[in-house]
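Encoded as structure tokens, the structure appears first; notes follow it.
Residue numbering begins at 1 within each chain, and the chains themselves are lettered A, B, C and D in the order written.
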Amino acid sequence: MLSPAVIQEEGRRSEGTQRLEAMSDAVIAIAITLLVLEIHVPEEKGNEALARALAEQWPSYFGFALSFLTIGVVWANHHHMFQDIARVDHLLVVLNLLLMMTVSFIPFSTAVLAGHLEAEDGRLVATVLYGGNFLVTALVLNVLWHYASWNRRLIAPDVSDRHIHGRSVRYVAGPLFYGLTLPLALVSPLASLTVYVVVAAIYLIPVGD
Amino acid sequence: MLSPAVIQEEGRRSEGTQRLEAMSDAVIAIAITLLVLEIHVPEEKGNEALARALAEQWPSYFGFALSFLTIGVVWANHHHMFQDIARVDHLLVVLNLLLMMTVSFIPFSTAVLAGHLEAEDGRLVATVLYGGNFLVTALVLNVLWHYASWNRRLIAPDVSDRHIHGRSVRYVAGPLFYGLTLPLALVSPLASLTVYVVVAAIYLIPVGD
Amino acid sequence: MLSPAVIQEEGRRSEGTQRLEAMSDAVIAIAITLLVLEIHVPEEKGNEALARALAEQWPSYFGFALSFLTIGVVWANHHHMFQDIARVDHLLVVLNLLLMMTVSFIPFSTAVLAGHLEAEDGRLVATVLYGGNFLVTALVLNVLWHYASWNRRLIAPDVSDRHIHGRSVRYVAGPLFYGLTLPLALVSPLASLTVYVVVAAIYLIPVGD
Amino acid sequence: MLSPAVIQEEGRRSEGTQRLEAMSDAVIAIAITLLVLEIHVPEEKGNEALARALAEQWPSYFGFALSFLTIGVVWANHHHMFQDIARVDHLLVVLNLLLMMTVSFIPFSTAVLAGHLEAEDGRLVATVLYGGNFLVTALVLNVLWHYASWNRRLIAPDVSDRHIHGRSVRYVAGPLFYGLTLPLALVSPLASLTVYVVVAAIYLIPVGD
């Protein structure tokens, strides 16, 4: 039996989801915007030299755009997930913190990729780091969702089991894609990067949620 | 027919606009505040040398101020737009993500402009990059608005068609201005920069929304 | 006479204050947190050398702390001000944007100050830049408040005239202090910096709002 | 006796807790995400050289992860604390500002630690700085909580005395741990760092709040 005081406390506590989402949004928004700081500002003087310098760092723009879109996909997935999650417990906070850690690491692995994409030698290691970052992010996202949805642990009562199942199936695609392309990077880094672009594009294409 | 559960789900989903706006605000706020990091801190010792070094990097202050105001205008427009938009769908999220990408690129093109504004040689390329960034931003903003307002797709029911039309007409001014000044930059970069200042000023002058 | 549709639109519009405050909070929070990036990470090896290098950059810690507290005071004032302001119009948005511009410039002038505080030569210019940044910030804050409170233009109906007057008087203290210490910097930069510390301390001492 | 106007003003004022929390969340989110900027992007060309360079900067990843988790723990504690705190007064704002200052300093001391963890000489000073930053953060957190909970000054009426007492006891563990490990760093920096990992892990293990 709940006393009014306890109910009120629960009422205050229940905004937990909201603050966790706000915190996650902030970290994701900062990580996505910090990406631009990793693009080197060329100091070449002269129109021709500057234009060439700007053009030559196309890997930086590629990395910026791909990471921006991928983090955007993570944000969208995170957002959708928390429309089904109604309550927060301690382990969910911890898992979410780990997810934020992997996301906020992306500007670093993007910078490493951009700095080593052009030369054939070095591209392999940079791509594995980059893809590995995406893979771990996708894995943690799946762990978080499975923890929250297991036996409907933290799920809102109005969400159907079928809906939960559908989400679980869709989310598995992420680690699968990234896991399969990581060995591909050992053979051809560019091929695996192409897959990353395709993965981001698939999520971005409007097929509804 | 909607069951209560579905209605509740819709209720939860409808906060989508709010979280999208919050996310956009965060990215815009970060991009606008990161601008200052691109201003070089002079290490010259001695009052005279320091004062000269500070004065000589006026292009950095110019770029900081112009980009700050322009991003501020984007924020205001984004804000007004979402007062009319009541619902969010997948493609709107994607278009908004693209808009955020172009906005968060501005600190980079501002830094390139600031580094090449003084010397006559190099100014052209830097101005085209800078103006191009603004042009693409204005274009994506227009695409987003037209997508949302086409056949009142995502518009709140209480917004009048006349209001929508007025907004559409006003928003077209952005890409028009930036599109026309881009070739102008080929003739005179300074003239086109003057237009950017005027465009920002026009939006900032209090003529209501 | 207002139709229900218009009332609803007004209802949506009235959240303007909230989004303006959220935006300002974000910019202020980012500016205050970026301060730490301006502190140089010493690379000296060896415990003694490292300890000495860390100790020698005390001006960076001083600048960090003083700017952090001063921006904190701006935040508190901004926050209090918007408890009285009930509505937002276009010019208020523009003035607030200018305020955010002066605040987000502080990490730069803090870095310049920290880099020139130790050597006697150069300290003068750095202090004038730093104090000038504070002075302009305080001035814009006053202009914003006077614009909003003039003839109760944007003030909530329940705020008393006496309360408005009290706030106006208190806020004038800011530009007065910073204005008077700017010439003082020409005589003794350290003396004027001491005043900045005192000003921040006065606002921080718990005498209520 | 309160007039309706005063009640409404109080109503508006009471959102103070919310804006203070939002501000704190923003600062913490930015500090936690800035950590990645302190990781150096290696420019070594060649797969082998790059892999070695990436592996050799393990102290940076260690510092990133440890500081990320520790700031995450501070965030969680701050969040829980403000579920009990119902009102904000001036000194609480000031104490919270000091807490934010110590948190936003962590990226700096993390960078110093990461740069001096490997070489035996220098590790001592870096660890003391790092641990000192954690110690001060934990102390300010305790001062803030004791200020707010003293005689239930700012505590919500429905929070039990036993609950307050429990929180007070738990929070004391932070400064105790960090205080005891600081002298330990003088003997063995690595041993004290191990304790930091353990402290973060203890807070992260799901034992509920």
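We take it that a contact is a pair of C-beta atoms (placed from the backbone, for glycine too) under 8 Å apart; a residue touches a chain by one contact, two chains touch by 3 or more.
Just so it is clear, the structure is predicted and the values come from calculations on it, not from any experiment.
**Student:** What's the overlap between the neighbours of subunit A and those of subunit D?
**Tutor:** Touches both subunit A and subunit D: nothing.
**Student:** Give me the rotation angle that lays the C-alpha atoms of subunit B onto its copy subunit C, rounded to the nearest 5 degrees.
**Tutor:** Copies differ by a rotation of 90 degrees.
**Student:** Regarding the subunit A and subunit B pair, does the interface count as same (over half of residue numbers shared) or different (under half shared)?
**Tutor:** Both copies touch with mostly different residues.
**Student:** What's the distance between the Cα centroids of subunit C and subunit D, rounded to whole Å?
**Tutor:** Taking the average C-alpha coordinate of subunit C and of subunit D, the gap between them is 24 Å.
**Student:** With chain centres defined as C-alpha means, what is the inter-centre distance between subunit A and subunit C in Å?
**Tutor:** About 34 Å, centre to centre.
**Student:** Using the touch rule from the top of the page, what residues of subunit B touch 2 or more other chains?
**Tutor:** Residues 22, 26, 30, 34, 37.
**Student:** Could you pull out which subunit D residues touch subunit A in their complex?
**Tutor:** Contact set of subunit D toward subunit A: 21-22, 25-26, 28-30, 32-37, 39, 41-47, 49-51, 54, 64-65, 68-69, 72, 75-76, 79, 83, 156-160, 204, 206-209.
**Student:** For subunit A, which residues are in contact with subunit D within the complex?
**Tutor:** The touching residues are 4-6, 8-9, 12-13, 16, 19, 22-23, 26-27, 30-31, 34, 37-38, 89-91, 93-94, 97, 100-101, 104-105, 107-108, 111-112, 115-116, 119, 121-126, 129.
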